[in-house]
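Pasting the structures here.
Across the two complexes that follow, subunit A remains constant while its partner is subunit B and subsequently subunit C.
Let's turn to the complex of A and B:
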């Protein structure tokens, strides 16, 4: 009997935990990675201090704090394409199990790390820049961080599948993707600052919606403005995941099986 | 000198096709757009030059740090490290020559950022002090190579070079006033930033793009060059010590 999707994701998660332990110790994560990400928040928020624009510092602090979980999570692009480098991609494709379930689990350490990073940034750094939270808001904020991380994970999986045949581009693609999100999804300036076409395109990105919801929570706006964006965030995340599955199955795995080239195009 | 030039030419050939260079070329316009959007949204068009200077320095430093981290590891994985070390040529000269190549290549990001400001935002930035800018760009590239060479030697001993590479980006950009000048940071931070050449380079680049006369340009460029030279000397010393150690332990190909 083949392993169920649940078991495949579970094995993937075990792999992710081992991968994370091989990359970081608690010390190198806390003082290295987390320190670097908090410095990134301060870097962008610092520009707000020069602007003499009311609310700019708070706006930038909140957007860039949530952005840290996006940066962290986009590492899924690199680890997924790492399967080819490790020589395991052909085995995954050859096995009767669906490799997409393996991919779905094997990089989950990144959204978890991103969740932790953004939580520290929002609750630890945010108050220094006017981003404060009431106790009742905390669960909602945590939920929105988790949704951002998981939504971005789906976007990342889609991009990972796209570059699986050109792994040299994995870092270029993931960096450009998160910078584009940082620029156009409302992290630094409101979405309506950009031309309408850009505003329309970024509606397909989960971050655009979760960030709008988080700003609504922060500004104590009505529940409809908080929960309204959650629906498109979940829907868009689902669409990215579906697109990743379809592209991997029909545009990567099937042609590669036929041509026998999975290990040759690195 | 011929060894230095050979290393520089070799790296230029490699770098033109490397994913690291492509990444910097691809991300510089996005960084510029991000910084410019923040300034434009607040009607602070006077900060346009800041949005051009920061991506330039960030791109150059990312390239320099990237090659410093990968240089030794790549030689090791290709099995050429022992041969390189066995030759009478000084490894520190090769290292600094190769890093200088990518630092010089990174200057192109300033042109990219300038074009994004002009084409994308209609802010064509004048260069009132081209000689100062050119001299500062050259001194900065040299200083970057010298400073990043310190990392190359540390990376021989460290298995987790990637974490160090990541860690030495934003904290350093922040501390050195790459985007927000040191004068805007808390007073206690400024002396720390002044020890690193990046802070002097950032101020010089911004001054060269400003209408006002640049004060003491020669002295400030000399400081950039001197800090870079100190970096090179520290890097060469460290590399010699590290090589002595791995030779003694017989771990050149294992560390």
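Let's turn to the complex of A and C:
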């Protein structure tokens, strides 16, 4: 019997849990990672206070608080490239499993961490900048954070398979990706601030849509404005995941078998 | 002299019809070249050239050769992580190129060294993980992991993180990992690299158990003693070419013509006379010690007669072992990397 994607993701999570435990204790996560992310939100939101623009602080607080989960999820690029360094990539390719689903499971701690980080930022830090939530909005906000985390995780998986053969680029790529999202997807300035071509490109990023939905929730806009962006967010996330699967299978694994670049580790 | 199957240890022999359909591994005219990107201009490097090999079900087959001989390239092709340039390879009747996924379901791969495991997982979790890759479900997975941990002697360290293991312990876990999918064909690529001598002996016992279970084992090594101890047949490979495939004992017998004569109290002049005899292929003379290698039984007799005629009585002859076969066939390159 061949393992199903769900089965592979599930056992991939074994690695996710182990990696997270090895990376953080609850103290280092709370006072190290979370503290750093909250400081980032405070920094950018504080800059908004210097602007002579009503609503800038709320705008930046919402954007940067949600953005914190993207910083987490981009770490999937580094952990996926770790398969090659650990010598497990060739063994995965030599197994009946599709390694792509293992990759999808083995870094799931990052979107979970990102979900928690962004939740603390939005619910804990937000009120200091006028971002408050009614009880009825909380489930929607949590849903949008989760969607952002998983959507950008799919983007990260795509980038991870792109650089799996050049692991030295892993940090460059993940940093560039999240900086680009921070700059162009409506986190610091509205998307229409940028040229139309940029605005068109960022429609392919789930964050652009989930952030629009989050702002709609925060502004108590009609349901259509809240749920409208959810559809493209889900669709774009699915497309990134599909692209990652296709690229790994046909542009990484198959050529690697031909070229002999899958090392049996020594 | 050509025999098939693990005859030395009493397992199945090749059927009278040649057994082509029954062979666990069939390699036909297999070739693999790589583009050499080192230096200026792209050239081609031949890793394998025209390799043909058959391994019977239940056989433990050794693949011997120096570093760079092509052993790992052949393993990569059989494990579907590398495509051949020419020829074909089948495992349990499945083509490694066209039916690669089905092949992967049937094979277990173990390579040497201490990488290829998840260091942050425990030994038990590693086996759960790799078992899941082979489609094992929860209860089966857990039972199999316990069995294998016991079998490789890691049961008492099952919950320890693998990055706290010694290299030898990691290698034992590698073996367990290779077996977790219950493969019918096990490919062991330098599996004892890094093992201490006791663990290497345990490994030999484990290979014997695999044979008892009817699994086919392809073992690459350049440890002659290991190959002689565990293999039913061996293939010698060098510079990408298969030099010979023989029953392990028969290889030694084949080389009886390369018998070695060792004598003490031999002068330089006498050593020269011995070296000039027909059938003497090599002579080494240090102080008064002579070591002469012959390629014909009659030559050995001639050497002994000459030595006896000169009053040299401290003489012995040695039967060749697998290491000597190896050295004769691949030359004195030994472990040199090509």
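Simple rule for what comes next: the second predicted complex is superposed on the first by the 262 of 266 C-alpha atoms of A that agree within 3 Å, B and C clash if a C-alpha of one lies under 4 Å from a C-alpha of the other, contacts with A are read in each partner's own complex, and residues count from 1 in each chain.
One rule holds for everything that comes next: a contact is a pair of C-beta atoms (placed from the backbone, for glycine too) under 8 Å apart; a residue touches a chain by one contact, two chains touch by 3 or more.
Note that the coordinates shown come from a computational prediction; the quantities given were computed from them, not determined experimentally.
Applying the stated clash criterion after superposition on subunit A shows that subunit B and subunit C can sit side by side. Once chain A of one complex is fitted onto chain A of the other, the partner contacts of A:257 are limited to subunit C, with no touch recorded for subunit B.
Legend: residue contacts after superposition of the two complexes on their common chain; A:189 is shown touching subunit B, with no touch to subunit C. Once the two complexes are overlaid on the shared chain, A:8 sits against subunit C while remaining clear of subunit B. After overlaying the two complexes on the shared chain, residue contacts for A:133 are found with neither subunit B nor subunit C.
In the superposed model, A:90 lies in contact with subunit C only, and not with subunit B. By the touch criterion stated above, A:123 is placed in contact with neither subunit B nor subunit C. After superposition on chain A, the vertex angle at the CA centre of subunit A, spanning the CA centres of subunit B and subunit C, is 90 degrees to the nearest 10. Contacts of A:53 after superposition on the shared chain: subunit B is touched, whereas subunit C is not.
Of the two partner chains placed by superposition, only subunit B is touched by A:39; subunit C is not.
Superposed on chain A, the gap between subunit B and subunit C at their nearest CA atoms measures out to 12 angstrom in whole units.
On the side of subunit A, the complex with subunit C involves touching residues 1-3, 7-8, 10-12, 14-15, 18-19, 21-22, 86-88, 90-97, 102, 256-258, 260, 262, 264-266. Here subunit B touches subunit A in the complex through residues 19, 22-23, 26-27, 30-31, 33-35, 37-44, 47, 50, 160, 163-164, 166-167, 169-171, 173-174, 179-180, 184-185, going by the rule given at the top. By the touch criterion stated above, subunit A contacts subunit B in their complex at residues 23-24, 28, 32-33, 35-37, 39-40, 42-44, 46-53, 56, 60, 168-169, 171-172, 175-176, 179-180, 182-183, 188-190, 193-194. The touching residues of subunit C, when paired with subunit A in their complex, are 32, 34, 72-73, 75-76, 79-83, 101, 104-105, 107, 109, 111-113, 115-121, 125, 128-130, 132-135, 177, 181, 189, 193.
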